[in-house]
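Look at the two complexes coming up: subunit A is in both, with subunit B in one and subunit C in the other.
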Partner chain A sequence: MAKFDEKARPFSEKWLDERLAVNTLKRVLSTEYWIPKDINFLWAMGMVLAATFGLLLISGIFLLMYYKPDVNMAFDSVNYTIMSEVGFGWLWRHIHGVAASVVFLIIYIHMFTGIYYGSYKKGRELIWISGMLLFVTFSAEAFSGYMLPWGQMSYWAGMVITNLFSGGSLEAYGLVEWIRGDYVPGDAFLTRFFMLHVLLLPLVIIGLIVLHFGTLRIPHVNNQEGAEIDFEEAAELYKAGKKKESKVIPFNPVFLSKDVFVMGVYFILFFYLVFYHFEFAMDPVNFDPADGLKTPPHIYPEWYFLWSYEILRPFPKDPGLIAFGIAQVALFMLPFIDRSPNVAPAHKRGLFFVWFWVFLIDMIVLTVLGKLPPEGIFNTLGAVAAVIFLLLGPALIVITKLEKKL
Partner chain B sequence: MKEKGRRDFMGMALGGFTALGGLGALYAMKRSWDPLPSVKAAGFTTIDLSAAQENVLNVEKWRGKPIFVLKKSADMTQDERDIVIGSDRFHVSIGLCTHLGCIPAYLPDAKKFKCACHGGEFDTAGHQIFGPPPSPLEIPPFKIEGTTLVLGEEGPEFKKMKDAGLIV
Partner chain C sequence: MRELKILAIVVFFTLVTYYGVEPFAHSKMHKHVEGHGFVYDGTADVEQASDEKKETKKAFWNDVNEIAKLEGNVAAGEAGFAMCMGCHMDGAVAMGGVVPPSLEHAGALYDKKYLIAVVKNPAMAMNTDHKFADPMMHPMGPVMTMFMDNQSIADVVAYLKAKKAGEVTPKEAFTDACSRCHAMRYAKMTQLGDTPTFKYEKDALAYKINVLDAQDGVKGYMGKLPPDLSIIIRARSEHFLETFIENPQTQLPGTSMPRVGLNEEGYEKVKEFLTEIGDPSKPKREAVGPYVILFFVVFAFLAFLWKKYQWRDLH
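After this line comes the complex of A and B, so read on.
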């Protein structure tokens, strides 16, 4: 057994260190976790996401105390009990709703930053893949949460999305009814999505966050120039006091101060939305109680799903489903379809730069069209944008194959 | 050597039991997720057709889904999918668009169904005539009893349609 200091007072630092290795942990996780100096505010999005997830968790716990997962009570428990009876219930709901929407904006920024700077490339594939897994789980979490107030949009979004599983011959196996536990979304559907939303998916998300952080620890975070840094050597310099010459800084407290600044700005905007513009995260249609015999005239998902929804729309059912499926998994493959050896920001990579902006703009176009009614010219535009999206993958393989080593 | 054989055997036995238990647990989980018997039992509805008016859409409810009942007027094209009772013809279908399940609206003047979600259209026999829907509106299993319709049970007329390949 290890040696213990007889004189260490219980719960003093020494006492804890001997039992939990707190000093080692502190070093590995913060004071000697090295971050390149050359990174901009976009790299702070990771911590912004972590903080937003924390807010979702806390506000969710308070909502959970009054929410009733029952088709007859769910709507009122949210719109009456929580909103007007529970002291500050409205605050938790607005925080939860706004955070659920804004978190996707930050995730998209985080993803596009990674793509722009090539942070998914060789050595960092697992960071990208674990991040994509997080994105998909977050999507499921958002969808299951959207069901819970049991308004019109909840009901019909549930109907439409679960109907996706009737594609091809799946219908014959009764898959849709099995998923719903009923012929239509009903009580069984609501309670199982409630379980997913408050227990199973959050557990998976927490696990994936740990994995995502873990994948980052060894290959280290990328930097603005995509420069390869000898982290050990640079760390020695820093520890020797040559902070100017060293290319790295410790995560805590040096880089964290930048993170905290960015978070400060972010939270000003965030709470502005919570207090003054919470309605942007709440669809007016969802303030009508669910009615299985009346469809809202135009069903669309929350803004963060619009692009993939629009890919589904212009095609006939089964090809549409396939296109939709491809859109969901295509991004997972990014580290492997980018064949270029260069880890560099997009503006140094020639055609890739063009590809990046076409991709980003196409996503925005799809998002806008997804919200517009499916009529006339919008149908055509939607089809074009969806086809462009599907062609971007093969285009990337060609472009990156042609790319010369920098 | 002998020692190793024994350990291998124990490993395999343990693995085998674990696999069996795992399969059992998966089956239990699958069954727990199945629709409840009470949900399945509530799957019958009767609809009285005698009071229906021509070209006016009635929407009934069966298994939580809307059911379209439309008494056809003489100028509407007759179809093998119509339900004939005496001298009247009816179009009866599950009122969910076969694309992604929205409820189409009936436009009595144009005599067609229009789905607002992605613009799909169906004629008065439920055939898709425009847009993304891949198949005609579904006909629920029915049985004719005089002028009433029992949904959820397959009567001879339904079976005939099924044999003729009219039910998808």
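After this line comes the complex of A and C, so read on.
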């Protein structure tokens, strides 16, 4: 057995260090976890996401105390019990609803930052892949949560999305029924999505967040110029007091102070939305109780799923499903599709810079068209935007193959 | 500065996306219906009428506009009003499925021209004439045999307008205008009004049977049970509610919902009640919001000072 200092007072620093190695942990995870100095506020999005996830978790716990996962009670437990009988229930619900929407905005900003600066490239592939796994799990979490108020949009979105599993011409309705636990969304459907939303998926998310942080530790965070930094040498300089010359800063407290400032600004905007502008996150249609006999005139997913919905929609049944499937996995492949050796911001990478903006704008166009009624010119534009999306993958292979080493 | 430039780009694309999926997409999904400021002179009805009905509607609303110009005699109107009391009385029973409303606040809640139109031809006034081959078939059809000449209509409407039974509360406005067809479970109201509390379960069940009977009556008349309005204020936009209540046919062509003829103050009262029940956190949001935002403004400012301090000798 290891040696323990007899005189160390219980729970003193030394006492804890001997038992938990707290000093080592603190050094490795915080005061000597080196971050490049050359970064901008986009590098704070990870912490902003962590904070938003924290808000979702806390507000979710409060909602969970009063929510009833039962098709006869779910709607009123949300819209009556929580909104008018529980003290500040309305606040927790609006925080939860707004955070669920805003978290995707930040995820997209976080993703596009990674793409712009090439932060998924050699050595950092696992950061990207674990991030994509988080994106997919967050999507499942958002979708399952959207079922819970059991309004019209919950019901019909549940109907449409589970129908996708019939696999088009495969007509695998047995699989659809197995997923739903019924022929149509009903009580079994609601209770299993409840379980997914409050237990299984949050557990997976927490595990993946740990993995995502873990993947960062060895390759380190990328920087604004994509410069390769000798972190050990730079760290020695910093520790020797040559802070100006050193290219790195410790996570705590230097990088953290910037993170916290960015979070402060973000929370001003976030709570402005919670109190004065929450409608965008809480679709009016979902304030009508679920009714299997009344199809709403327009069924659309929440805004963050619209781009992939629009890749499904303009094509005939089977090609549409295939395109949709490709869209779901394509981004995972990014570190392997990009063949360029350069880790550099897009504006230094020639054609890749053009590719990046075409991709971003195409995603926004798809998002907007995904909500518009599929009629006339919108249909044509949707098909064009979806085809562009599908061509962007092969285009990236060619563009990055041709890219010269900087 | 570079960071501000990046921020500007992020904000720009965020706002473009927001504009696209919210105001723009919604403007394409819902056709725009012009409101007409709670004025009921038949202009919109004539415009929307099918060709074969246009002339009838035009003639009808011309008459209504003519009657509105007559000087009504309140005393004569009061005498005529006795005929209304045959149906519109306390403890009224359902007629053709719907309980005739109390007319206690009719003068305050409803528009004058609308009231004239209702006495002259209820189906036309309510813009549900497509439901009745013969306007006499309307549950209120018999009124057409009670006030045969224009002057008597002007008189009874003058009486209704003159009779003000004190200030109308939002709940009374909702009860008179909406609640004979629409329940409001978050306010514990059904088609029979406020739900009483019962000491014994069997009394509560017996009452529930009465409610179900009343609902069956409404269902028989309207074709389906009209929706519960508990949180309709959050399920529909303000503009939709306003134009729909003003003239249901514009938003839902063919609907069996009658136009109720609320004037602007009447509509505001109904909306106030719908908001009170359907969006009870509104005053709380307004009270708490500024403090939370102020907190984060101070938080961000202190965080900025901390950041400045931590980064003071890095560059």
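Quick note on the criterion: the second predicted complex is superposed on the first by the 400 of 406 C-alpha atoms of A that agree within 3 Å, B and C clash if a C-alpha of one lies under 4 Å from a C-alpha of the other, contacts with A are read in each partner's own complex, and residues count from 1 in each chain.
The rule we apply is simple: a contact is a pair of C-beta atoms (placed from the backbone, for glycine too) under 8 Å apart; a residue touches a chain by one contact, two chains touch by 3 or more.
None of these values were measured; they are calculated from a predicted model.
In the superposition on chain A, A:Asp318 makes contact with subunit B only, while subunit C stays out of contact range. When the two structures are aligned on the shared chain, A:Val160 is found in touch with subunit B, with no touch to subunit C. By the touch criterion defined above, A:Val184 reaches subunit B but does not reach subunit C. If you count the residues of subunit A touched by subunit B and by subunit C, you find the higher number for C.
When the two complexes are overlaid on their common chain A, residue A:Val285 makes contact with subunit C while staying clear of subunit B.
In the superposed pair of complexes, A:Pro374 makes contact with subunit B only, with no contact to subunit C.
In the superposition on chain A, contact is made by A:Arg192 with subunit B only, not with subunit C. Within the superposed three-chain model, A:His298 lies in touch with subunit B and with subunit C [touch as defined at top].
Touching of subunit A by both subunit B and subunit C, each in its own complex, is seen for residues 297-298.
Of all residues in subunit C, only 2-3, 6-7, 10, 13-14, 16-18, 20-22, 24-25, 28-29, 185-186, 227, 230-232, 234-237, 280-281, 284-286, 288-289, 292-293, 296-297, 299-304, 306-307, 309-311, 313-315 touch subunit A in the complex they form. Interface of subunit A with subunit B (complex): residues 156, 159-160, 163-164, 177-184, 186, 188, 192, 292-295, 297-299, 313, 315-318, 320, 374-375, 379.
Residue ranges of subunit A in contact with subunit C, taken from their complex: 37, 40-42, 76, 79-80, 83-84, 90-91, 94, 105, 109, 243-244, 249, 253-254, 257-258, 260-261, 263-265, 267-268, 271-272, 274-276, 280, 282, 284-285, 287-288, 297-298, 303, 306, 360, 364, 367-368, 371-373, 378. Within the complex, the subunit B residues that touch subunit A are 33-36, 39, 43, 59, 61, 63-66, 98-103, 116-119, 132-134.
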